[in-house]
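Look at the two complexes coming up: subunit A is in both, with subunit B in one and subunit C in the other.
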Partner chain A sequence: MAAQPLLSVRNLRTVFGTMQGEVTAVDDVSFDVAPGEVLGIVGESGSGKSVTALSIMGLLPQPPGRVAGGEILFDGRDLLKLPKSQMRQMRGSAIGMIFQEPMTSLNPVFTIGDQITETIRVHERIGAAAARKRGIEMLEKVGIPSPQRRIDDFPHQLSGGMRQRVMIAMALSCSPKLLLADEPTTALDVTIQAQILDLLRDLQREMGMAIVIITHNMGVIAEFADRVAVMYAGRIAEEGPVGRIFDAPTHPYTAGLLSSTPDLVGEVPRLRTIPGTLPSLYELPPGCRFAPRCGRRVEACEAGRPATQEIAPGHFAACIRAREGASA
Partner chain B sequence: MSAPSTTPLLRVENLTKHFPITAGFFVKREVGRVRAVDDVSFHIDQGETLGLVGESGCGKSTTGRLVLRLIEPTSGKVEIEGRDILSSTPAEMRELRKGMQIVFQDPYSSLNPRMTVEEIILEPLYVQGAKPGPEMTRRARKLLETVGLSPNHVVRYPHEFSGGQRQRIGIARALAPQPRFVVCDEAVSALDVSVQAQIVNLLQDLQEEFKLSYLFIAHDLAVVKHISDRVAVMYLGKIVEQADKASLYAAPRHPYTQALLASIPVPNPRLRRPRARLTGDVPSAMAPPAGCRFNTRCPHATDLCRTQEPPAIEAAPGHVVACHHVATIPAVSPLAPQR
Partner chain C sequence: MPASDTTMDAADALPKPRATPFWRTPTFRRLVRHRSFMIGLAMFSFVVALAVLAWWIAPNDPNRTAIRMRFRPPQLDRVLLLGTDNLGRNMLSRIVHGAQLSLLIGLGVVVLNSVFGVLLGAVAGYFRKLDGPMMRLADALMAFPSILLAIGIAAALGPSAWTAVIALSVVYIPRTARIVRASVLVVREMEFVQAARASGAGHWRIISRHIMPNCMAPLIVQLSFIFAYAVLSEAVLSFLGLGAPPSIPSWGTMISEGRTYIREAAWLTIVPGCAIALTVLGLNLMGDGLRDVLDPRLKIEQG
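Our next item is the complex of A and B:
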């Protein structure tokens, strides 16, 4: 991609201390995000996609969580080495974040105006009146009707879709270069989801920011992302441009994920399934973590961790049989 | 999949449920009503699957509970195999309930954590008067096998299972009294996609094996399309459109169905397209708009829509639409590949 990525995650390893010992939720994950690019991270529950986002933001619950290794370079600076005060300055201004739950991410006892202007005033030397004016502008930008009036509403006076718009307004109020969106539309109904995705897409183009969108929904990835990283059990199984991943998935897990998603356009008598379930992080299989569920497994798969290979420019897969052609 | 037959397995007519909103602590008075389900009619044939879709709060789950009489309707009629369940006595109801079961959405909260799998699965039979014994254990083991779990799991507790396995236990419980009709209330919504596909396939296999009829309630239109024979779309307590699956997805007639289909992100980057946006939110069911309930968000709304409720019209054989302008709105599928 671009010569200088905006965000470069190198060999990130995040662990959680539990009663049964330490578990590795994110294991040696690396990816880049170019300025203005939309990277989708897709995976099922427990794949480590949200923990990756929290690690980048420095928002891991500590303890039990801990980044045990790797680098997170943002504009060339390692976020993991920043002092807390500087990281706090970074969050909300250079990197914005929106979460899944629009119902619980806003403070119920403050008006949305209080919450938006707080974000702005923490990061910029700006008066209360000017911050409020900016807040109203932001609410208008995210499509909230009569923002002058709505800015004094409390969160409970807004619907789920409106609250997510407020979250977006807050996240974007300081024009971040990077937005981390963790399942931003999962809690919303499908017609509202479409509105929010359109809004994010428009704002992304207008403001030229990069987005990392985390989702379990292949449809959201297909419509929204430029590149996609597929995570499985704490590792990236496959990564590449969105067109290639959907047309020619090389990792059997990606292929399985795509074929087990019911299709709205075509018609199949029976869904293809991936047998078994996600492995527990306590008893991870040796070698390739997908091997126990994989239809293309050979003995070598269990021997060691499969190396990540570049199948085509920008298209990587962590499967020893990736070069044998697209998996069916 | 649907077998031709004369009497439908389930017939629902003008089913209505209004929940009163009360105020006052000692003396309750009604200050409003949530019109959760309003004048809903449909039928399900033997061995058929009717998909019931809609967004949150549209009344689809309430409808599912009403047809099993888990909650009492305000008015309307529900007949199962020709028998009116709403006028049945409690004893008759218990007998009828053998034939109608439900699978719930949340595999975590719908299984009692203090009961073993055997107790959970056989609970419906014990309610019916069966007594525990080796014969019953055999039955539980057989049911576990039927849903793809190991028979030896009968002695385990729910926490020892994953979400998908728990949903299989919930299905085994529903199958225990050998029902003919099962309501699947968002039965696969909480599951990851690879596991969801396993459960969908299981439900289809069981339908074939035991000649089951399903009311499949879900918000995911792709899953509903896959599993259903016919589909009904609900909006604010009303069924706005009802048709066989092929015509509903290929030629939807109601503007809401069209908008719903246009909103779904399709897992195919080549179908990435400008969406027909549906503006605004779903209005409150406490004060639904006058006339057609969709008129506040409908791109085709006229004065007629704002004053008069549209009747359900059979626009084509088996294709029922509740829209004043059904004759003039083109039946285009937003899913057709563009250009």
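Our next item is the complex of A and C:
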């Protein structure tokens, strides 16, 4: 990972102007994604995961949103400094994105073929027939049966899982190097979820792209990601290889998240929950943002922001007691 | 195999037409079954037929005077079906040629509205920074009583058919722009717009391909009503002498001229009055029907 990351987010700070003043939704977030790597970002609703993705894509609703600081280096170029037109060229060709709601992510008045070929033709000088051919290939790739016929269907003729496949086909139609998947399976049935994740993994291996997958589902991460970053209240609490995070979480929040997920092996005891709720972004605790809910809190936690420490190679945690060992 | 995939395979087995023609869509079937829409369509089609076939229906030149034939009342006769006016001009000829003018002016206003109203509404709804100034300007224009504003503009530009079209468009474009803006505000927040942005589409592509096609229903309804208002307002402008010049037969002018003789020759005002009523009522019934079928939400709001 040290070699040359594909995506390198450095000290990203994204703020939203609201009636009650400015709130910082993403506060000093840094992470790297290597080419061909799958990074999972987990966190509760409101922890800043989606805002991070939108910041990378340059799709923040502006106003009220604004990137207030940091760098987003993609292939060595700072996306935040790119002129708008070049950033638009990036979207869809170098960076693709898929969304949570497949039911509303397709334009209801055009056929799916229209929508896939549109994406291709925005980015490449290619004739209508060639674009259509590529569209059919893409639909075939994402496992849509009889794509030559399905390409002329309207979105309402497809099920949710099929629509998400179409969204993936659209996002991948120009072979992006990076795919941002914002809760791609949340709105789907569990069986379909597994299919979509399998599909994404197959395509990822075949096309060699990197994926940033955003979810609140630890199961999705365990199945899919190489590395995981756990976000809490706009900051990264812990980041590391999936195996280490699941086996030896060092941040109490990660440990709490894991212990509130049912285990498939053995007796299922009553699930543990993390007491309290995510702090309001208007009234953030002064020190560690998890401190008010943390069972391992000490006085020093409230003094200041805990420094991010490298617990093991590639495993970072922002907790002053991280080195004391896991207590999950 | 999850349920959704099996249903898809079942659907695959059936032969499927590539695209549904409009006359086979549920929308079309609902329109056909909507009684007042069909009545309105019949009335409006009748007026359109009069206008299109004017050269064939009209017994003679609508402006040819015949003093000896003055004030002939309507009678069962190919030529004198609607009688003659104070200068002996044939009323039937004048009515059908008046239909041409009314419909052309109505059409002109609708075309200008669907170009500029849509453009301005889409821009105001999409680019939030322009929204405030543009809508305040629209408010200012809408604060004038519409007919007064039209009279003012028509008087300033000098009476002609084109003036009427421009004056009425200025009056109605802010209204169309408002409707379009409201729809755009809803559609622009939908996820497929975000998805289009994420795939690198530019602003104009997003507006024209992704937003506008999803805003058509309220727009079509609005345009059908604007057509009716334009026909009515054109008659008012002509009545006041601010519409088409006297050489072009206009229903409004006919009522205005016939007013003097309303006691002796009531048909001079009743006949063009009925023509206006038929056109406007037809369009309004069609508009109501379209609204019921395309945009049921509006019906609830209006009670």
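In the analysis below, the second predicted complex is superposed on the first by the 325 of 328 C-alpha atoms of A that agree within 3 Å, B and C clash if a C-alpha of one lies under 4 Å from a C-alpha of the other, contacts with A are read in each partner's own complex, and residues count from 1 in each chain.
Criterion: a residue touches a chain if its C-beta (ideal position, glycine included) is under 8 Å from a C-beta of that chain, and two chains touch if they have at least 3 such contacts.
These numbers were taken from a predicted model, which means no experiment stands behind them.
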**Message:** Per the contact definition in the header, classify A:Asp189: touching subunit B only (first), subunit C only (second), both, or neither.
**Reply:** both
**Request:** Return first, second, both or neither, reflecting whether A:Ser159 touches subunit B, subunit C, both chains, or no partner chain.
**Result:** both
One more residue to check, A:Gln148. First (subunit B), second (subunit C), both or neither? neither
Just checking: does A:Leu271 make contact with subunit B only, subunit C only, both, or neither of them? Give me first, second, both or neither. first
| said: Once chain A of both complexes is superposed, is A:Thr18 in touch with subunit B (first), subunit C (second), both, or neither? | reply: neither
*Of the two partner chains, subunit B (first) and subunit C (second), which one does A:Glu44 touch, if any: first, second, both, or neither?*
first
Ask   = Thinking of the overlay built on chain A, is A:Phe99 touched by subunit B (first), by subunit C (second), by both, or by neither?
value = second
Q) When the two structures are overlaid on chain A, which partner does A:Pro108 contact: first (subunit B), second (subunit C), both, or neither? A) second
Subunit B and subunit C footprints on subunit A meet at residues 159, 161-162, 189, 191-192, 195
Listed in rising order, the residues of subunit A that touch subunit C in the complex are 57, 59, 88-93, 96-97, 99-101, 104-110, 118-119, 122-123, 145-146, 149, 152, 157-162, 167, 170-171, 189, 191-192, 195
Seen from subunit B, its contact residues with subunit A in the complex are 55-56, 162, 164-165, 192-198, 200-201, 204, 219-223, 225-226, 249, 259-272, 275, 277-279, 281-282, 335, 337
Contacts from subunit C onto subunit A in the complex sit at residues 2, 4-5, 7-9, 11-12, 16, 18-19, 190-192, 194-202, 205, 209-210, 213-214
Subunit A contacts subunit B in the complex at 44-45, 159, 161-162, 189-195, 197-198, 216-224, 242-243, 246, 256-258, 260-265, 268, 270-275, 277-278
